[in-house]
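Going in written order, the chains are labelled A, B, C, D and E, and every chain counts its residues from 1.
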Amino acid sequence: MISVRDVSKIFNAGHPNEFTALHRVSLNLPLHETTVLKGPSGSGKTTLLGLIGCMARPTTGRIFVNELEITSLPERFLTEIRRSTFGFIFQQVNLIKGISALENVMIPAYPTGEKHSLLRARAMEKLGMFNLDMRAAARIECLSGGEAQRVAIARALINNPAIIIADEPTAHLDSTLSREFMGIIKELKSEGVTIILASHDPIVYDSDVADRVVEMRDGKVIKGGKRP
Amino acid sequence: MILNPGILALFITSLLISLMTIYAACHGIQILRRWDIASGSELQLILERRTYLISTIVTYFLAFQLVSLFLFIQTADSICHLFVGAMCAVGTLTVNSFGYPTLLLKVLTFIIAGLWLILNYADNRGYDYPLIRAKYLLLLILAPFVLAETVVQCFYFFGLTPDIITSCCGTLYSQSARGIASEILALPVIPAKILFSVSMLATCAAGMRLFLNGKGVYRLAALSGITFVVSIISMISFISLYIYEMPSHHCPFCIVQKEYGYVGYPLYLLLLSGTVLGLGVGLLQPFRNKKSLEHIIPAIQQKCAGAAVVAFVLFTSIVSWQILVSSLKML
Amino acid sequence: MANVIEHHRHIIDFTLSSLLRRKGKNGALLLVYAVIVFILASVLFFSHALRREANLALSESPEIIVQRTMAGRYQTVPIFWSDRIRTINGVISVRPRLWGYQYDSVFQANYTLTVPAEHPPEPGSIDIGSGISRMRGAYPGDIISFAGHDGLPRSFTIRNVIDHESELLTSDLILLSDKDYRDFSGIPADQATDLTLRVRNPREYSTIAEKITRMFPEARPILRTEILRTYDALFGWRSGLIIVIFSAAIFAFAVFAWDKATGLSAEERREIGILKAVGWETSDILLMKFWEGIVLSLTAFLVGTILAYAHVFYTSVALFAPVLKGWSTLYPVFRLTPFIDLGQVATLFFLTVVPYTVTTIIPSWRAATIDPDAVMR
Amino acid sequence: MAQRRSTIYLGVTATLVLLLVGMFLYASNVVRTSRPLFARKTALVRQLQLTDLCLFTEASYTRHVSMTDISTPFQDSPMSLEHFPTGALVEPPFHLVRNHGQRD
Amino acid sequence: MKQLSLVSILVLVLVSTVFGSDLRKAGPKDKCPVCGMFVAKYPDFAAQIHFRDGSTIHFDGAKDLFKYYLNLPRFAPGRKPADVSAVFVTSYYDLAPIDGISAYFVAGSDVYGPMGRELIPFARETEAREFLKDHKGKVILRFLDVTSTLLKPLD
């Protein structure tokens, strides 16, 4: 269970350009389910995902991941949790240019100091899941949009995370690729991975993969709960 | 001042190190004043990030300080013949009254920086920054010593004037014979030997005890400190004599020279690390009750104690080996 | 432990690929850095080797030289001084020495004329240094003439050319007999240029020098130990001076390094953001930056030092020769004996690697503390 | 499979370090073997009663650095490359430069 | 006692003239039996005692030579002063080996040897006197004047 309790996030506090991105949000997200955060841009979806994914700390309020309070942990502990628990898929594919697809997939595991050969084998396996093993040595610039998206997903899976966080994953994909992406998500879900998506793309929130759709606006949750 | 490359290098380095330390100390003060772990404010976030900067600076500082300690001795040794009557580094250091204080401060700052890193290591393992205050107070203690070292070293270098013939007519300098004593007053050999063996044995025993059943923390710390001083005294009193095979050359510096197989480097390195580790164990003790460090500190202490014992034992074995192979016979 | 090593190796892998991606910029940095190390190392190696060379070769020069000064200028020494000085305890021998300079206006060179203490050439013949031989194309059997003190030319047959291996000491020497030199220079028979003393016990040098000045107040005794000390100071000072001048270049380089490290491109910021987002910690980024610094500085340091060694000891500092030559036309061709020591390398390390590293600490920390969620915004 | 970049880098660095160490060893060996050379040199120095290296021959006072005293330098040539530390900072007097500078 | 020393000096002088023992150079492995130092490193103060059986003992200074000679039972059990065939010390001014029996030794000067304060040997008395004046020496001794009590303040 991921529980968000009374969380607010204020940027530039005390300055004239103070901006409240989240306002006293409370939310419970059970594990092994797929949740979609839905809302227009600027509604606070991304900020909430960042807080849940241990990328930033809330200004007030608490967040628990599996009963562990993560709000007051120092950065190095947050990173540890982030690395081992979460896999991220971003709006842009956010791959590092100039190096091979394989290396890109391996990058999240570098700080663990895992043996190179093991790590490489696992990365190849993840790429293989998406039929990309032939493209492993290719540089990112040479990949097509769909391939790049799949490499990014492979990267999110390299540490075998329990939770996948995807922020507007289909924003830069055409409908075919978006459907293909949802297919992959479905597959992951069937393996028991918890998935949290933020999107305002109907292909995502109307998909039957989503167990739960939370609607957000202006930094508040306006509608949420189990899909009927 | 002597425009010697070694002196310039030391000069530039200590200047840079001082600047970095001032910078770190300023941030340290801010951390001490504004730290609030419970807050999620941006200021707190910035402060937490600064802790990375400061530990990076201190880590580099320690590395540079160690090399500069040896470079200082090496340079002092290499320019000794510029001074009438100076036979080795000892002579150069006594040319003016700032030589030894510089060396002393270098050793002191090295030890404090080492202790800081041990504290930092423990702190980084607690999830709520348990030692943050102690750590930055120690940094504020370290900073004045670093600055003092730079200033004293400046005075020392500026106070060096070589005795060369071009600056005057002929032998004027030689005649004035300032008579730099090349020898240090040394403790008589037998008491020094007894003192050395007793303190080494006691320290290693205390270290083993701590390693095995976690008892006697302060004892180990105190003994490490004492052993450090005793070892330096012994170095002057008798160890160096065996290494030089010369019953009257009480010099703690010449042993880093090539003629003696650079044996001084491992010796001083082991002694310094043993001392820092031993003292670090004691430094951590008051924080043992912090909740987030309950299990971490004893583990670190055990590790440190073990490493300290290894360092001291290695030190002693090198010393004993040197004494055994030495051709010098003393009572 | 294996974990730690593998961790570092992973980070090195990544650092190298990110360095390689910006080949032009990093290559230029590496090149400038290596050149700086190269020049500094050349200066250090050269001055140290020369100092040792001087110290070793001159260790057999006369223990004490007695000159006479009048109003601060040299005068010739009356030979009777030597008998008085010989009575001082500890003085093994006193020898009047004859030597001086000769300016050759054709070749614009200064020669040093000297009368050897042992085996001087017979009157009418001379030995010349290999520098003179090379410059004038003069070989044994040839005849050379110089104008003496009275303006009249005197001819000498070349007996020998001094062995090339000692050129650093003898390149500009002309050796001739006592009789020829007095005739040539006009030094009266009861005078000498200076006196050389042999003293066995080094502990007595200063006592003897003191006694000489008491005996002859206008005497200026110069001790060998002082000569060697002066050489040390001279070369030490010279290399120090070059380093001080050169520090401007080091400073400029530090600014360049700083600029390179602070001026993170948008691309680099994005990259670091990605790394932090996918699970790299601040200290991992710092480690990456540390390795970046090490890769650059260590490579530059090693390459620069090794090249400097070749430069100093194989090409005899070909690049510095114009500076060392100055206006002199008689420049010795020499091969230095490679005296190097660890202290020099340590000094070099401090002069190059430390300033570079220190300038990159704060910028790398800045880079490392980019928000991980920056990539999501 | 191509080598890891870190392997290549560490290999290159290790080679360079070995080269450096080799350089030291080689240098100390050369120093050792050049002892007879120095013996010959010192014998020559003894025979000729030399006191200085013949590196700077442009002016007599630079030729025998150890034989000079403080009042000598400008005796030779005001334009000559200065040998004493302060010489790098003090210029020769203008009238000397004007009168003699061209000739030397 | 006095007579005994007179006798022994006679014996020594006789022995050294008759046997005419030659100087033997200290090798790199020769150590001083009193302090354990390598003698070859300090040729400026080297001293040696020759015994009649042909053996040579090297010392790094006249002081250690006397310590040995005055305490033969300890350093060389079974040997007597009469077994000594020759004594050589290094004279200060020309650093040349001279006969130790006839040498003049200056004590208390400001010249230090490898073992600190030393007895500085001279072949001629005039030299010794001048040295005494130049180097703040205290007393001039002959070989047989030297006793253990005189050596004490030199340590």
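The rule we apply is simple: contacts are C-beta pairs under 8 Å (C-beta built on N, C-alpha and C of every residue); 3 or more make two chains touch, one makes a residue touch a chain.
Being a predicted model, the structure only gives us computed values, none of them experimental.
J.: How short can a path of touching chains from subunit C to subunit E be, counted in steps?
T.: Contact-graph shortest path, subunit C to subunit E, evaluates to 1.
J.: What is the chain whose Cα centre is as far as it gets from that of subunit C?
T.: Most remote chain from subunit C, centroid-wise, comes out as A.
J.: Where are there more C-beta contacts: A-C or C-D?
T.: C-D
J.: For which chain is the distance between its Cα centroid and the global protein Cα centroid smallest?
T.: When every chain is reduced to its C-alpha mean, the one closest to the whole-protein mean is B.
J.: Taking each chain's centre as the mean of its C-alpha atoms, which one ends up farthest from the centre of subunit E?
T.: Computed centres place A farthest from subunit E.
J.: Need the CA-centroid distance for the pair subunit D / subunit E, whole Å please.
T.: 46
J.: In whole angstrom, how far does the Cα centroid of subunit B sit from the Cα centroid of subunit C?
T.: Computed from C-alpha means, the inter-chain centre distance equals 33 Å.
J.: Let me have the rounded angstrom distance from the C-alpha centre of subunit A over to the C-alpha centre of subunit D, please.
T.: Using C-alpha averages as centres, the distance is 66 Å.
J.: Between subunit B and subunit E, what distance separates the C-alpha centroids? Give it in angstrom.
T.: Subunit B and subunit E have C-alpha centres separated by 45 Å.
J.: What parts of subunit A, by residue number, touch at least two of the other chains?
T.: If we look for residues of subunit A contacting two or more partner chains, we find 75-76, 116.
J.: Where in subunit D do residues touch two or more other chains at once?
T.: Correct list: 4, 65-66, 69-70, 85.
J.: Going by the touch rule set out above, which residues of subunit C reach two or more other chains?
T.: Answer for subunit C, listing residues that touch two or more other chains: 9-10, 13, 17, 20, 69, 220, 222, 226-227, 230, 234, 237, 241, 282-283.
J.: State the interface residues of subunit B toward subunit A in the complex, per the touch definition above.
T.: It is residues 37-38, 40-42, 45, 48-49, 124, 127-129 of subunit B that touch subunit A.
J.: Any idea which subunit C residues touch subunit D in the complex?
T.: Within the complex, subunit C touches subunit D at residues 9-10, 12-13, 16-17, 20, 50, 53-54, 56-62, 65, 67, 69, 72-73, 95, 97, 101, 109-110, 112, 114, 116-119, 129, 131, 162-163, 165-173, 175, 196, 220, 222, 224, 226-227, 230-231, 234, 237, 241, 295, 298-299, 302-303, 305-306, 309, 313, 324-332, 337-340.
J.: Hey, which residues of subunit C end up touching subunit B in the complex?
T.: 43-44, 69, 205-206, 209-210, 213, 220-223, 225-230, 232-234, 236-237, 239-241, 243-244, 247, 282-283, 286, 341-344, 346-347, 349-351, 354-355, 357-358, 361-362, 364-365, 368-369
J.: Of all residues in subunit B, which touch subunit C in the complex?
T.: Touching subunit C from subunit B are residues 2-10, 12-13, 16-17, 19-20, 23, 49, 52-53, 56-57, 60, 64, 67-68, 70-71, 74-75, 78-79, 81-82, 162-166, 169-171, 173-175, 177, 258, 262.
J.: What part of subunit A is in contact with subunit B in the complex they form?
T.: For subunit A paired with subunit B, touching residues are 12-13, 57-60, 71-77.
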